[in-house]
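Chains: A, B, C and D, in written order; residue numbering restarts at 1 for each.
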Amino acid sequence: MIVVMKPGATEGQIQHVVDLVREYGLKDHIIHGTDRTVVACIGDKRAVDKGAIETAPMVECLVPILAPYKMASAEVKKTRTEIQIGPDGFGIGGRKVGVIAGPCAVESRDQILQAARAVKAAGGIGLRGGAYKPRTSPYSFQGLGLEGLKLLAEARDQTSLAIVTEVVGVEQVDDVAEYADVLQVGARNMQNYPLLEAVGHVQKPILLKRGMSASLEEFMLAAEYILNAGNEHVILCERGIRTFEKYVRNTLALAAVAELNNKTHLPVIVDPSHGTGHAHLVPAMCRAAVAAGADGLLIE
Amino acid sequence: MIVVMKPGATEGQIQHVVDLVREYGLKDHIIHGTDRTVVACIGDKRAVDKGAIETAPMVECLVPILAPYKMASAEVKKTRTEIQIGPDGFGIGGRKVGVIAGPCAVESRDQILQAARAVKAAGGIGLRGGAYKPRTSPYSFQGLGLEGLKLLAEARDQTSLAIVTEVVGVEQVDDVAEYADVLQVGARNMQNYPLLEAVGHVQKPILLKRGMSASLEEFMLAAEYILNAGNEHVILCERGIRTFEKYVRNTLALAAVAELNNKTHLPVIVDPSHGTGHAHLVPAMCRAAVAAGADGLLIE
Amino acid sequence: MIVVMKPGATEGQIQHVVDLVREYGLKDHIIHGTDRTVVACIGDKRAVDKGAIETAPMVECLVPILAPYKMASAEVKKTRTEIQIGPDGFGIGGRKVGVIAGPCAVESRDQILQAARAVKAAGGIGLRGGAYKPRTSPYSFQGLGLEGLKLLAEARDQTSLAIVTEVVGVEQVDDVAEYADVLQVGARNMQNYPLLEAVGHVQKPILLKRGMSASLEEFMLAAEYILNAGNEHVILCERGIRTFEKYVRNTLALAAVAELNNKTHLPVIVDPSHGTGHAHLVPAMCRAAVAAGADGLLIE
Amino acid sequence: MIVVMKPGATEGQIQHVVDLVREYGLKDHIIHGTDRTVVACIGDKRAVDKGAIETAPMVECLVPILAPYKMASAEVKKTRTEIQIGPDGFGIGGRKVGVIAGPCAVESRDQILQAARAVKAAGGIGLRGGAYKPRTSPYSFQGLGLEGLKLLAEARDQTSLAIVTEVVGVEQVDDVAEYADVLQVGARNMQNYPLLEAVGHVQKPILLKRGMSASLEEFMLAAEYILNAGNEHVILCERGIRTFEKYVRNTLALAAVAELNNKTHLPVIVDPSHGTGHAHLVPAMCRAAVAAGADGLLIE
């Protein structure tokens, strides 16, 4: 961490910063530049509450050097993580690209069994489908709930596909963990910390979707919550970010896939359906996602 | 709602859309343009699942005409809502601008009581302070919890300030509702629907912060969840949106205040501290927020 | 175009809109909905100045139905355009993906000839390099100018690569057109209309880069300026958009490639170097761009 | 400037960076942290081409400490600049807020003279109106050109209002400078460097609009181009940025006004008409802009 002082900072003000830095167990290193003085801080600053330094008199800004996540970092764990999912133990993050597909919501027994058979026939390895639906409007269909989970489990029994379904609140974690193979945390809940901790205590893989305006650092810190709570089986999912673009529902940021492969050992999949919002763009984006290095695809 | 057909849509394909429209209880109205045919749908479409129409053959897009929220809409309730908060019953949304201030987190008895006295002396009407903190990093201080709530209640007893504090999960709603005067739903939880429903069952005012990439429509739909669950006391809070700008933590969208005053009867306050992330910008943004029509300020 | 009236619009106010619509030579069609009245306008509205209608009393908003570009549209010209570039006449938009590579700026004879040989050896079909550089800072190197153009021409003579170089102002169009095979209009100049018209009068292919916050519609309208001025040889180039993301210089929007292939007959190439700003992300983004349907790559 | 090395950088790789730093005339300062080594560079780095350092082996990133602009900086010139405009010499940046108003485009003699009288009657100090219009579509009205300039000059003669009008290309600079009191550089041309230099050679005030996705740093560097070319009379204009928001044409970033007042000595005005795109939001945003510290308003 580098503390940049404003021009005109006095020796006393610089010393005050140095004292704060030492108080946090860090070593300081003062550099007098032509226009400004900076204080470099040496040591692990992740646990330091930077507020006190940031608001000290004549401090212009703080420049972090280290990433704030640890367990998710490729610097800490150098081998890539492969996560087995479903009855057949398909390895997400392994050599093959796994395709998980299915409808938005489970609506009926016929619908979901038919979808499961179609996914299986097309070579898919997982079935997605919402039993609990997070809906922007309170007037929209909210999902079949436990009934939907049971239908998904029946679809797995018939096809041996891995069941991937969303958990919307802490109170449903146990039920979803009982019936599903992979618990999905949706984009809107990426920073729902009680939920991240709750799924961190489950012993099933978690599919964590990137929030629609989350930075990669925030995304990896959300994964860190789950890892830190004890669950090492986290699959990251890029599903598009919110930008000024209007021809798509979200802008699919495929460079994020390449950068995540660089920064973290966790597997990364892509959801081109939510990532674009238009069926006619999905095939091209599936190809592009795989070419960018995705370990799997989540298709609606 | 207007359904726009692609050029070259056949009579049969147009009829298929018309059939779907009628199935949903809407009246149809076909207009043949020079390049395209559109089907105007008359009636209340808020409950219609548009997926079936959107994915029908040769449909280019759907253009909504009506806003999807009702109870939050200024078209439905024409008088502005005023919400009394705290022991003194200050009316947010009334003639005066109410200032709610306080530290980020409750850290100790001394700290919060001192802060409360300072807020009171400066003419504030509410005290904010986090007992439960939603933290981007699992390694940051997560708040004092119940202990913090009790300290806040003590501060109210001493100053008669209204206590405003965040509720991070459904499981804390009862505790926070017992001690606080206003329950805050944070920006990260704006689309945490179980939480919105839970605070909708409480009989205390809710301060709902806009998510950092939420559209105004999504913001009002989040309020609609609370209103629809039975709690009419919702205060909206603009706290900055995520954009490409880097000199601020968020871009404070003050036109949102003016537009919300236009679209909804609910009171609107502004948080310029999170909205900018820099103390030196807060005074100017407080003045600007009030000038833009804010009913109150939330200051850290 | 659909004109949406506010609730409570009187018959006279609706008639006023109808009169305006007819004045512009369009046919009107009034639809009385449950909450609102809308006026559908039939005919080609691209030449209509919508301001008068938009600001008429009790008009809520205008909803366009037709795209505002014509010559660039795939609806108007149904066969895809292939553009021959350079001495060898490689066809951009044809069956093969063409790679254009080279340094940011032409710095010296040795540098550019060496770069050209490397590009040729690697199978590239074009050489890029800036003779005139648009620089964010007035203190940065602004390019070798005419001297740089001559060095590029020499590199073409030695390698038969097509020369692609940027034209920054109207006053350089003639010089650049004399020496280069393809004139590049940079992202910052995408809406520099005098420049677009000037290159529209040249009989060489134009490589038009998308502005960093341009919508696809604005991008195609910029192409329309060139086409409308008489030059049909426009190559579109997606080079990343500005978003909240910080790990990249720009967010490479590859769905734009798929959507442009859908909306326009013009060839589309991708610049993953500016699109990400980091060398380590370029190989994965090259693969992804081709998979998304790009007709070529522009690599720094 | 701080050069951050990747973990595992060898002594030789660090020395290579140090050599580059010294080559640019800077002093180096190596700091060995727990996980990473950083090289602090002391001296004025604004003229350094950072590419060579950025792409050196095992360099992770460069962190700039100094702002890249000088002449526009409030650190360099500590007194605020006041710019006299028009026949009456109203001082923008002085104690009073100046209002410049007028139509989008000059359409006829009657229209502009009537508008001028209305602006004057309402207490305005300047008349805006486009003689040359930068239009997104080639099919829109492009302005009256020289004829429009003459009508504006006539309006000044009748009202003594300062004339503010846009210059779209280098070739019109002389004409516009002859008739107008203030030359406006539009948002789309904020990084049109030949144009910035051309208006830098004029001896009349320049109104520079922020590009719709320009960072404040890029905005000030655009001003720096004009200052550096010899024209010290630059008025900055915030006119809204492009974000995901849809209820406005642009998001008016009023914190930018406060931050510019902090970073630069140049006066700052606000355009709430383009900044929102909706007449009903303009009055509230005018009040908010003044409250945020704007030196003037530009109203359509």
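As a convention for this text, a residue touches a chain if its C-beta (ideal position, glycine included) is under 8 Å from a C-beta of that chain, and two chains touch if they have at least 3 such contacts.
This structure is a prediction, so every number in the text was calculated from the model and none was measured.
What chains do chain A and chain B have as common neighbours?
Chains in contact with chain A as well as chain B: C, D.
Go through A-C and B-C and name the pair with more C-beta contacts between its chains.
Of A-C and B-C, it is A-C that has more C-beta pairs in contact.
Tell me which chain's centre, taken as the mean of its C-alpha atoms, is farthest from chain A.
When every chain centre is compared against chain A, the largest gap points to D.
On a C-alpha centroid basis, what's the spacing between chain C and chain D, in Å?
Once rounded, the distance between the two centres reads 24 Å.
Chain A to chain C: how many Å between their CA centres?
Roughly 33 Å, centre to centre.
Can you compute the centre-to-centre distance for chain B and chain C, using the mean CA position of each chain? Integer Å is fine.
38
Got the chain C residues that touch at least 2 other chains?
In chain C, residues 213, 242-244, 246 touch at least two other chains, as defined above.
Please give the residue numbers of chain D that touch chain A in the complex, ascending.
Against chain A, chain D makes touches at 2, 4, 7, 29, 31-36, 38, 40, 42-44, 63, 65-66, 75, 242-244, 246.
Over in the complex, which chain C residues touch chain D? Could you list them?
Spelled out, the residues of chain C in touch with chain D are 46-47, 49, 51, 55, 68-69, 104, 134-141, 168-171, 188-189, 191-195, 212-213, 218, 221, 224-225, 228-229, 242, 279.
Quick check on the complex: what are the chain C residues that touch chain A?
The contact residues of chain C facing chain A are 213, 215-217, 241, 243-248, 251-259, 261-262, 275-276, 280-281, 284-285, 287-293.
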